[in-house]
Each structure stands twice: as C-alpha cells, then as structure tokens.
Amino acid sequence: MSRIGVFICHCGENISATVDCERVAREASLMEGVLYSIDYKYMCSDPGQNLIKEAIKEHNLNGVVVAACSPRMHEPTFRNACAEAGLNPYMCEIANLREHVSWVHEKGDATTQKAIDLVRMLVEKVKNNKPLLPITVPVTRRALVLGGGIGGIQASLDIANAGHQVILVERDPSIGGHMSQLSETFPTLDCSQCILTPRMVEVARHPNITLITYAELESLEGFIGNFKAKIRKKAKSIDEKLCTGCGLCTTKCPNKKIPSEFNEGLGTRTAIYIPFPQAVPNKPVIDKTQCTYYTKGKCRLCEKTCPAQAIRLDQEDEILEFDVGAVVLATGFNVKGTDFFPEYGYGNYQDVITGLQFERLASASGPTLGEIRRPSDGKIPEKIVFVACAGSRDPAKGIEYCSKICCMYIAKHAMLYKHKVHQGNAYVFYMDIRAGGKMYEEFVRRAIEEDDVKYIRGRVSRIYERNGKLIVKGADTLMGGKPIEIDADMVVLATAGVASPKAEELAQKVHVSYDQHNFYAEAHPKLKPVETNTAGIFLAGSCQAPKDIPETVAMASGAASKVIGLFSNSELKRDPSIAVVNRMPPPTYTTCVGCGLCVTACPYQAIQLEDIKDRKGNVVKRAAYVNPGLCQGCGTCVAFCRSKSIDIEGYTSQQIVAEISALLNDE
Amino acid sequence: MPLAVYPGCSLTGSSREYMESVEQILKTFEIPYTFVEDWNCCGATAAHNLNRKVAEALPARIIALAEKQGADEILVPCAACYNRLKSSQKKMDEDKVLKGQLSEMVGMPLDNGIKILNVLEVIEQSIVPKLNEKIQAPLNFKAACYYGCLLVRPGNVLNFDREEDPQSMDRIVEILGATPVKWSFKTECCGAGFTVSRTDIVSRLSGDILIDAVEHGAQALIVACPMCHANLDMRRKDIEKATGRKFDIPVIYLTQAIGMALGIDHQKLGLNRHFVPVSI
Amino acid sequence: MSESLNRQPSLSEKVAEITGISVNKCYQCGKCSAGCPVANDMDYSPSLIMRMLQTDDPQEEEKILRSYSIWLCLSCEMCYCRCPMSIDIPSIMDALRQKAYSEKKVNPKAKKIIAFHESFLDSIKWTGRLYEIGLVATYKLKTLDLLKDVELAPKMYLKGKLNILPEKMHGLKNVSGLFKKSK
Amino acid sequence: MDFEPKIVAFVCNWCTYAGADLTGTSRIKYPVNVRIVRFPCTGRIDFMLLLKAFDEGADGIIVSGCHPNDCHYTSGNFHARRRWMIFRNLIDFVGIDIRRVAFSWVSAAEGAKWAEVVTDTVGKIKELGPYSEYHQISKSFDGGAK
Amino acid sequence: MIKAMKNKSLELLTSQEVRVVIGYEKGTKCSTRPSFFFLPEDIERMVFDEECKNNLAVYLTKENIKNYGRLAIIANDKTLQSIVKLISENQIREDNLFVLTPGSEDGQVIVLNSIEEIKSFVNKSIPSQKEPDSVDELVARIRKMSREERWKYWQDEFARCIRCYACRAACPLCYCTRCTVESSQPQWVPVASHVLGNMEWHIIRAMHMSGRCTDCGACAEACPVNINLQALTRVVRESIQDEFNLTTEEYLEGNNVLSSFKPNDNETFIR
C-alpha cells in the first residue's frame, strides 16, 4: 500500500512564476497512492525540509516525491532529509520543475500540466521503488595529481602535508608550468621564479610525494576511492639515479638549434637538455624527435661525455601502475600562437609576439637576460604596442569568452617595458579593462598614471610591415572611432588562453565532462567548483577556465581539501544504484541462462559467470553475477539481457515502464 | 555543356582588353564557351547603394539567362560582377520567397543551381593542370598580385582562400615564371566606384597600393578586376599628383600575364590599350 | 508608458527589418573604423554610426541619415571581414543609404556620388547595360562638373576603350521593367 | 484546436539531462510538449521502451546521450548506437514511422543544442500529425482485452 | 556417405563415448525428420541426404537432452553455424560434443571436436556469392513499398499470428528458460493474440536475434500460418553486416557484434 507524500517547491518565484504550484499540489493529492501533498516557498530551506520530515512521521509515509529543481542539484539534500525522518532515502524521488519546466517554458496551462505530468511520473516511479542500502567500499588513501604547474604543486603539497601519499605526474621534463616562465607577477611585481622555486624544491623533497616527470596518464580505471592509474613514464634516456645533473652533456650536444619550449621559441636548446636552470628535477632528458642518434643512428657524444655514465640510449617507456583513491586534474592551459591571426600577419612577422613570449623577454633568466629586445634584430623597441583581446571575445575568428588574465598582464608588460626602456612609448589597444581583484584596478591605474602607458580604447584592425616598422592600424573609439596608425617596433598580442592541446583526450580517459572549448566542467558552477561529475576526480586551476595565480592556488587548495576530506575515512558509502541478477527459489534459481552477453558488454568487467549450486553442492546452472564493488550502474547490461534477468536498482524496468505509462496517460 | 561567359559592361567597354585576353586563353586551352545571350548590367555598386530590389533583380536575370541556355557553370571575369552575382545567388538560396519574386520579375524560371566561377577558379580548375607544358616565354619579373576587395570579400559568400593574405593568384603567377612578392596591400581597397565622383580618394587609396608594391620590389601589378585596373592604370596621373611620386609600374590582368607567358601576341591580349605601357 | 507602447519603430529596428541584422551585437570595439579605408573622410566613423543606431535617439538617427559617411562607404567589406561579431555593416550602410535617399535626406556633399550612381542606373534603365559616354554625360549634366576628366576620354578613345554608341539588347524592355517593378 | 504532440525524451543522466538543466539555467525556451525520462546512460535504454512509449500514446520520441568518447561509463553510448542502428532499420522495415524517433548527442555543455533538438522535433512531429496508426492498434487492444 | 555417418555413429554409441546421437530418420511422407538414436541397433533407421534440412542444434539446449551429457550430432551447414553461436554463448560445452558432418569429398565424414575446428570448417563452407532466394525477393519487394504500404503489409501478417510460439521453439538460439514475453514485471508484451502484441513480439524476437541469427529459417518453417519471419531476421542480419562493415566470416565468428563496437561506427542518423 503506497503512502506517498508530494512536496511542491516554489523556489522563491523561480518555479511559481510560470507554474501554478498550488494547482500541482492539488492535482497531486488526487493521484492514487498519494496521501499528502503541499506546496511551499523554499522546500530546500530548513523549514521546508522540516515540512517533509514531519509529514513522513505524521502520515507514516513510505514514499516521497519532491517537485523542485534538478535532482542533480538537491537530490542528496532531500534524500538526507528523508533519512533523518526514518524513511529510506531511496524512497525519495525528485521531479524537475525548475530547469525542465519553469525556466524553459512560458507561463500557462500547458506548463502547469507538464509539471503535473512530471509529478505523476515520479509518483508512479516511487510506487515501484525499493529501500536500498548504500554500498560501502574501501578507500585507497593515495592521490594522483596530474600536472605540475602551480596548481598541481599546491594541491600536492596540501594533500601530502595532511599525511597522505601523492603521485604527481608532469608531462614536461620539469615541474613549474607556465608560472616558471613568467617574469614578474601582478599586482605586486614580485619575481615569479623567486616565489615558485622553493615550492618546486619542496615537492621534490617531500617524503609523501612521488614525483614522476616526463610522464603522462595512460589510463584510469575504477571509481572513487578505488582507481587504478597507469602512467606512461617516457624514456628520458638517462639513468636518473646515476645522473648528477652536472649538465656537461648539454654543452657537448651538437644539436644546438632547437627552439626552446621554455623560452617560447625565442631561445634555443640542445637535444639533450634541462629545460631551465631551476628545473626540478634538475636532470636532463633526451628529446628523441631531435636527437641525432635517434633520427640518424649515430652521434652518442653525450654518452661519451657523461662522467657518471648515466646515459641510457636504449631506455624504453615504462608503464607504472598505482592504486589511488582520488585524482586532481591540474593540467593547465595554453595560449594561441600568433599564426592564428590573419589580419596580424598569420605569424609571419617576427616582431609580433605573444604575451608569454614577452614574459620570456622580460625575464632575467630569459634569452635576452631581461632586456626587452625585439626578436628580429635584437634592437630595443622604441615604440611598443600591446593588443588586448587577440582572439578572446572574438566569436568570428577566435573564442567568444574573455580570457580573464590578459588585462592584468598587459598592464604589467607595459609597466615592465617602461621600467626597462625609460624613453620608450607603450601603447595598449583595449576594449574594456577588466581589473576586478584585490589591488588590480590600482595596478592598472599606476600603469596609466605613473608610467604613462597610453591606453587607447579600440581594437586593432591590421598590422603590416613597412620600412622595418610594424604599422598598427587601430581606432580610438573614445574619439568617435578615429583611425589611428602607430609605426611600432614591436607588437605584443594578448593571445587567448585556451585549453591544453590534449585536454579532450585526457577528459575522455578519465571520464569527466568538458565544455565546447575543452575546458573541464565543474559539477556545479557555483556550489561545486572543484568537483567534477565523476566522483573522486577534482579540478585545480586553469584546466577549468583561464585563471590567474591566486585563483589557481585557491582552487588547488580547495581540491586538496576535498581529497583530504575523502581520505578522512577508510571507507566510503556509494550509491546503491547497481545492477543485480535475479535469484529465485529452486528449482529456477535464476532466469539468467548465462549467455554472457552482459559479461562482454560491461565496461567495468563487473560481471562474471558463476556456478549456481544446489544444496548438495552440485552445479545446477551457470549464471551472471555482478560484483557490487565494481558495478557503476550504467545499465548497459540491462538493455542487452533478453530474458530480463538483470536489472538496475533505482532504474528498474518496472520503474521506467511505470514512468512512461504515467506520463502518457494523463486522463 | 559549354561554359557560359558573362562579360559585363566594363569588359565590353573600357576594359575590353581583359575580355580579349580571357578569350585568348580560353581558346588556347580549347575550353568551349558561349556568351550569355542578351545579358544586362549587373547593377554594380550603384544599384545596391540606391535600390535594393534592382540590385537583386539584375543579377537574377543574368543567372536565369545562363540557366536558360542550359549552362552548369558561368564564368564572370569581372570581380565586381562576380561579387554581385554571387551575393544575389546566396540571398536567393537563403530566401526562397525572394527567389520566387525575382523569378517572376525577370519573367523566367530560376533554378539558381548554376555554379558561378571567377577567373581564378576557371584557371585553377581547367588551365593550371596543362599550363606548364604550354609556357613559351616564362615571365621574368617580380609581381605583386593584387586581389582587391570584390574577389575575396565577404568570405562567407565568396569562400575565397585566406582572406587577409590570399595565395591563389600568387601560385599561378609563380607557374608563369614570375616571382610573387610578399606585400601588405593585397586586399586593400583601391577606391573602386569613386573613380569619377571622388577621384581624390581613389588617388590616395590606389597610391598607397602602388607605393607598397613598389617598395616591396614589384615590377608589375597583377590584377583580376577591371575597376582596380582602371584606377591603378588610367588614374595614374591623378595618383602621381596626389602622392608626389612617379610610378612606371604596369598593371596587368592575370589573363594577360598568362597570355604573355604563352607567347601570345601582345596586341591580341590588348596590352596596347593600357595607359601605362607594358614593357617588361 | 503609453508613449513607449505606441512609439514608432526606431531606425535600428527598421534596419533590422530590411537586413536581418541586430545592431545590439556591436560591442563598440572600433575595429571597423580602424580598418576602413575612408574612415578619415567620414563625418562619423562606422563604429560611431553603429553606436548612434544603438541609442535609438531620433536626433542621432536624423544625423545618421543626413551624414556623409553612409555615402562614402565603398562597400569594400573590410569591416565585415574583420568584425569579431560578424556584423554585416556594408548591408546596414546599404539600408541607411536607401532610407536617406527615399526620405530625401541626402547629405549635400554626397551629391556627386549620388549623381554618379543615378547616372549609372539611368544608363542601365535606358540601354540595359552601362553606356560609358552616356554615363559621363549624364553625370556632368547632373553635377555641372563639365571639365571633369576632359583629357581622359580622348585617350580612352584612342586606346579603343570607348564605345561611341550604346550596345543594343533585345531584352531591354525586360530590364527596364525591373526598375518599374522595384519601385 | 492545434495538435499538441506528446513527446517523450529518453536521456542519460550525465550529458543530456545535465545539458537540459543548462538549457534551463540559461533560460532558453523550448516547446512544452516534451517530457524527460532520466536514465543512468543511453546504454540502459532498452529498445522495447521505445515501443512501449508509442504504445502508451507518444507521438514522437527523443533519445539522447553523451557524444561518442564522452560517455560517463566509457562505452554505454557506443553500445546504444549499434543497437539503435539495427532497431531503426528493423522498425522501418515493418513500417513504423522512424521520422518520429529523433536520436541526438547533447553534452552537458550544450544547453542551446537541447533546445534546438526539442524545438525541431516538436516542429517535425507537428507536421507529421498524431501517430494515430500506432495508437489505433493500441486502442483496439485496450478496448478488447483490458 | 550415409554409410560412413552410420559407422561413425555406431562406433560412438558402442564405445559409449556418447549416450545419444541426434540425427535424421525417414519421415511419414517422403521427407526426413529429426530423430534420437540411443542404441546401436537404432542406427539402422538413420538417414542423411539433401532432404535433411532441419537445424538439429535446437535440441542441444533442451534440458533433457543436456542431461545425457556427452552426445553426438549430425550437422548440416545450418546446424554447424548454430553450434558455433551456442558454444560462444556458453550454452553447450565443446568437450561434450561430437559433431559429425559431411566432408568435401564424396562419402567422407568429418568429426569436429572443438569450436575452433567447427569455425574453420564453417568458414570454408561459406559460399562466396549467395544466390538471392525467395526471402531476398520478399525483402526487396517490401523495401520497394512506401512506408504506409509496409505498415499495412506487416499489420496484415501480424494479425494472422496466433502466438503459438512455434517460431521460438524451432529456433536453436531461443533457449531462454524464461522468455521476455513471460516476464510480468513489467509486462513487456501483452500475451493475448492481438496485432499490437504480435507485432511487438516479432520485433523483439528479431532484435534478440541480432548478431546471433544464422539465418537457418527454422522459425519461418515452423510457422503454422506461414508468416515469413525469416524476412525480419534477414533484414536485421543484413543491416548488421552492412552498417558495421562485417564479412560473413566476422559475423559468424561467434561473439555477438552488438556487445562490441567501433568508436567510429556509422552514426549518420544521430544529430
């Protein structure tokens, strides 16, 4: 006998503005099996939840339907409330009246009717619900952090300092990420390397952190608390234990003209190289794509030179396996190159550079030792133009979003230039100055007021070369769109911040959602900013969207605290929505005939065939068995099963058919 | 079906050498063609400035005529006419009601499926594959390929190659033996329709183009638009007055350049009709 | 309140009706003005015209229609090609010109430009094609700029670039008819 | 009165359901005719449920999930895709109107696409009219046996 | 050949290697019918010729036959193909089975003991080019119809179905102990003989055959009201081979192609 309570939330006016909530409650009360129904302003609020709890107790309800916002938002809230009132939480279902009704339809009868239909659908579902008990699974208290930029470093240190093991994996030969490339940082103008390198060293020395550089995630299987990660450790072609990091090999390598990634192509490196002097670990790797030995089969100069005999030219990639309980993605971002802009010369002008290249020019450790010299002829530019939004906020050719960090770093660049080239002229073409942040606006004002950087409000239409100058054609919209031409010596494009080139591939490997720009999707834009839709996988830094350093660090600490929270128990409870193969009394035992189709289809290898024995121990049948620890509840097996012997708790065929039937029969 | 050719007004009047050279190379490469019979003016800039409907109807009539002749493809050497025909075709593609109205206005059925080709497309598709073997007198000069506006913009209608730095003409010129120069004014506007009414603007804009070409070492400008040619060639005196500089750089139609490389008599290519003598 | 309910459609709305383009897409970056070959000769730059349209202020709208800018636009499409929001400004300019022309609000400085366009269209109307001598003759009559290009024509004639008589076409009626139907 | 079709949408929890949530969060409007049934994964969607929906009176069905390679469960959508392919061919062969079953991939980030899918499907089903052919045999059965 | 077949069967029965041989005997009219041979003297009745078309694999999954343990089966091509599928679906154990089948040479009998042997034998015997048969002609005829005509055609066909489930009983691959139609929670298909449930039943049957059906035609053969059920399974099988680009060998490989996939499978119908 169903004793169901229906609770209709107004969500302030979010639902009630288009749905007649009172009528929904009224109609619900007439539905078969519904004992109690009521509407209320904010069902998720304390009084709202109490309303549910009291009704459960008072009317001895055995099923609850809450019609409110998306179940993806408050299903746990309401299920907990039910549990507190003594009702099994899986006897509570949510009808989505906000995201799927009130926010997408106009006010009217049809909209209210849809709301009623959805309530009826879930009432019928609840009638077929069964109390379920959560599954407990053990937690491996070891975290995997992918990406060794400032985000990954911060997350690793936080987790390690809380006493847990961390595997930190970095794709490049050294950790440090983009932050290690920066000269000074806004709004304080303190030196990036000076604040970063101590942290890098701390990571390397931390007893709880295993640092694996020059490595990438090969695969990730399993689920929260119980992941199995395979890491491909690319061959560095050296024996790291023997190598002392003396660097002699790098001086002897004949292949010296390779554009340096660390210097954004403005400097060169050798084929065996340490990316930068402060690298961690400070040991070289051989770039197999460039090394003469690997490309042409001879050379081996480094091998002959190495005093420690640490060169291993026959080294192969290694696959390392780890059991981990949580994963932090901190894979960072990338910037678009200058070749991306047709009107700025398709990358043909050497002296049109990106912001990241300018960082290297301004950095004391950079190719010019911190002097601002233009790449083409090494001259110190007398006129320099900074172009904001080069690709950002440009739906036609670039990306529609704002890259967020450019306004600030452009101001910083212009300032650094003026500090280094006192007689020089710096121009900034901008559309809006977005300087929200502590001391940010003040910083930009300083660039304008104290350092006399000329800010011109307008976008640059074209850059072309004439007589060794770069002609920048812009306009001053504050002067009514008056065209302006500047014959600059160098142009810096604040190119858009975009997702890492392999972001999509990684997302698919670990099964997290990502947006159309390949940035990783947080579980909720406001309330779950570091979680992903996949439990146990967290986000830190600009892999989620472009971010500056303070934000990245804050997010990394946030992700770390989520991991530490998860590791605070040795077990965790998991949603019992998993597949189950029916079992019956003898002589049937089960209707499963053991055809094994589900076994081959299961993405988690959670199903196997087992022998069913009678009381005497004779094997009477072979049938499928679902390992509850491995099953994730996708239900692919259910759709395959011909004899309908397997079903998924919470989404049983009986429940779904009841839903469909309720939806379509509204008379 | 032979290729239909729409000459347009300029190519039968002030820019007849362009048509002459187009015909010369079509004949040399044995590409059968017929003119669109009883063609009318495309309306050019004047029509879309003053009268939207006329601006759409005039090209529609030309499309209808060509289709009536049974042609699948129509070559429009004049960049301005090409631009008008293409944009009319796109509008009709997007708006079936408009297509119906226009069909009624011109009193002819309109399928609008005909493929409208500019001179570069015809050259790339039918001439380039056989070009190498026919070259008699390779060109031996540095050429600035000038594309102008109407051939490349708007990109979403014309689907030309790189909008800001197109390459198709450069590639052809290279086959002819000339050296295409890298320069910055490939697609800047020459002043176009203002040749009579605002000669001062034309002189300034065309002057900028000549200056940039010359400074990048070009010995000839290669064009594919009669308006560009008129401004850069016939307005040379005005340009020199406006810029205070002398220019002897000739302006040659791409088809003329091909004819020259093929060894065709300069007179047949209409080179004698230029104001600035072609002596390279 | 009642005023806003009964108000006349603004110029931007009329433009949207003709072209299907919303001026609200413009975020005033100024890239159109920066790349426009004739922006310096204009009284209002292209981006400023867009801004004026956005205001829906009748006074600004009047200024637009009476501006020289709309007639100076060469339709070179540079602005459209580079606009980050893909706004077809040349089509907006077409619509504004036709509006100004039909409402007889043409800027006096644009007389020559319009005279040329008119002469051009007249030529098509009467001969179906462009008759260059006719065009220039009509233009000179309209502008009284009789000495314009006097040395150009003989040279063109000598180079064989001028037709003395207009070409004849059969479908002339058909073409002239298009003008009538477009009224 | 205008024909208002009944459309059932079978969607997966992780992509399309979340995408439809985003449609709401973005306040993009779409026709009211569609009702969403939530599944853990498109892999779970039994083909028989589609027949069930027509049987119960649906005029059209939307089936939607994660794009290939984006499945929360790795491969549920790949399995589903194969199944749909065969099912579609079979029911087309027996004369069921496959124009009434719309398959789509809508990710959690594609709120606008969800609105487009619904709007287009509703428009199409409105053109096709009620699925009386199928409903008639359902009714004749209900009348006789139930 | 029948001689060799009889000899081998006799040998297996007398040596008690198997407890039963499933084969054919002469029918009441001139045709042949399946028969079980338990005793050496029964072998006398055994026949095997072109007329022996029944797919004997259907008996292999029956509970009482399975209880005999080791057995031998006389297999024609259809039976062989079904056996491959049954082994891969864990329904019979290869080590319990002797498969007797005519070899390529006259009078030769081959004994196949493992799935691998059967597979390679089956693959060799697949004709490269199949002549269109009456089912193909029917499928082609139906495909040419408008959708409305197809609907009408099948509605008329399904209306004749009496839900005797002979199709199910005759099919070697319909071995479930509880069929979908017998599941009552939920009631997937109405049990009464009515065109709605009949249509649903036949769609379900064809779908459940997808990736498995060996096209033996036993279902259509068994149908007392002559509905051409093979057309449905044929369409399913063809679309699997076409859409997923499979050769007949790959299709018959054993593993169900629906429980596998390729990331770049055709998806033109998905928006």
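Labels A, B, C, D and E are assigned to the chains in the order they are written; within every chain, residues are numbered from 1.
Please note the rule applied: a residue touches a chain if its C-beta (ideal position, glycine included) is under 8 Å from a C-beta of that chain, and two chains touch if they have at least 3 such contacts.
None of these values were measured; they are calculated from a predicted model.
Chemist: Which chains make contact with chain C and with chain D at once?
Modeler: For chain C paired with chain D, the chains in contact with each are A, in label order.
Chemist: Contact counts by the stated rule: is the higher one at A-C or A-B?
Modeler: A-C is joined by more C-beta pairs in contact.
Chemist: Of all the other chains, whose mean CA position lies farthest from chain B?
Modeler: Computed centres place E farthest from chain B.
Chemist: Take the average of all CA coordinates in chain A, do the same for chain E, and state the distance between these two points in whole angstrom.
Modeler: Taking the average C-alpha coordinate of chain A and of chain E, the gap between them is 51 Å.
Chemist: Nearest whole angstrom, what separates the Cα centre of chain D from the Cα centre of chain E?
Modeler: The answer is 34 Å.
Chemist: Between chain C and chain E, what is the gap in Å from one C-alpha centre to the other?
Modeler: Distance between chain centres: 77 Å.
Chemist: Can you compute the centre-to-centre distance for chain B and chain E, using the mean CA position of each chain? Integer Å is fine.
Modeler: 70
Chemist: Spell out, as numbers or ranges, the residues of chain D touching 2 or more other chains.
Modeler: Within chain D, the residues that touch at least two other chains are 47, 52, 69, 75, 79, 83.
Chemist: Could you say which residues in chain E touch two or more other chains, in rising order?
Modeler: Residues 180, 188, 258-259 of chain E touch two or more partner chains.
Chemist: Can you list the chain B residues in contact with two or more other chains?
Modeler: In chain B, 163-164 touch at least two other chains.
Chemist: By the touch definition up top, name every chain pair that qualifies.
Modeler: Between chains, contact exists in these pairs: A-B, A-C, A-D, A-E, B-C, D-E.
Chemist: Please output the residues of chain D touching chain E within their complex, sorted ascending.
Modeler: The contact residues of chain D facing chain E are 47-48, 51-52, 55, 68-69, 75, 78-79, 81-97, 102-105, 117, 133, 137-138, 140-141, 144-145.
Chemist: Mind listing the chain A positions that touch chain E in their complex?
Modeler: Contacts found on chain A: 588, 591, 593-597, 600-601, 609, 622, 640, 642-645, 653-654, 657-658.
Chemist: Which stretch or stretches of chain A touch chain C in the complex?
Modeler: For chain A paired with chain C, touching residues are 343, 389, 393-398, 431, 457-462, 473-477, 480-484.
Chemist: Contact residues on chain C for chain A in the complex?
Modeler: For chain C paired with chain A, touching residues are 27-36, 39-40, 44-48, 78, 82-86.
Chemist: Given the complex with chain A, which residues does chain B contribute to the contact?
Modeler: 162-165, 182, 184-185, 212, 215
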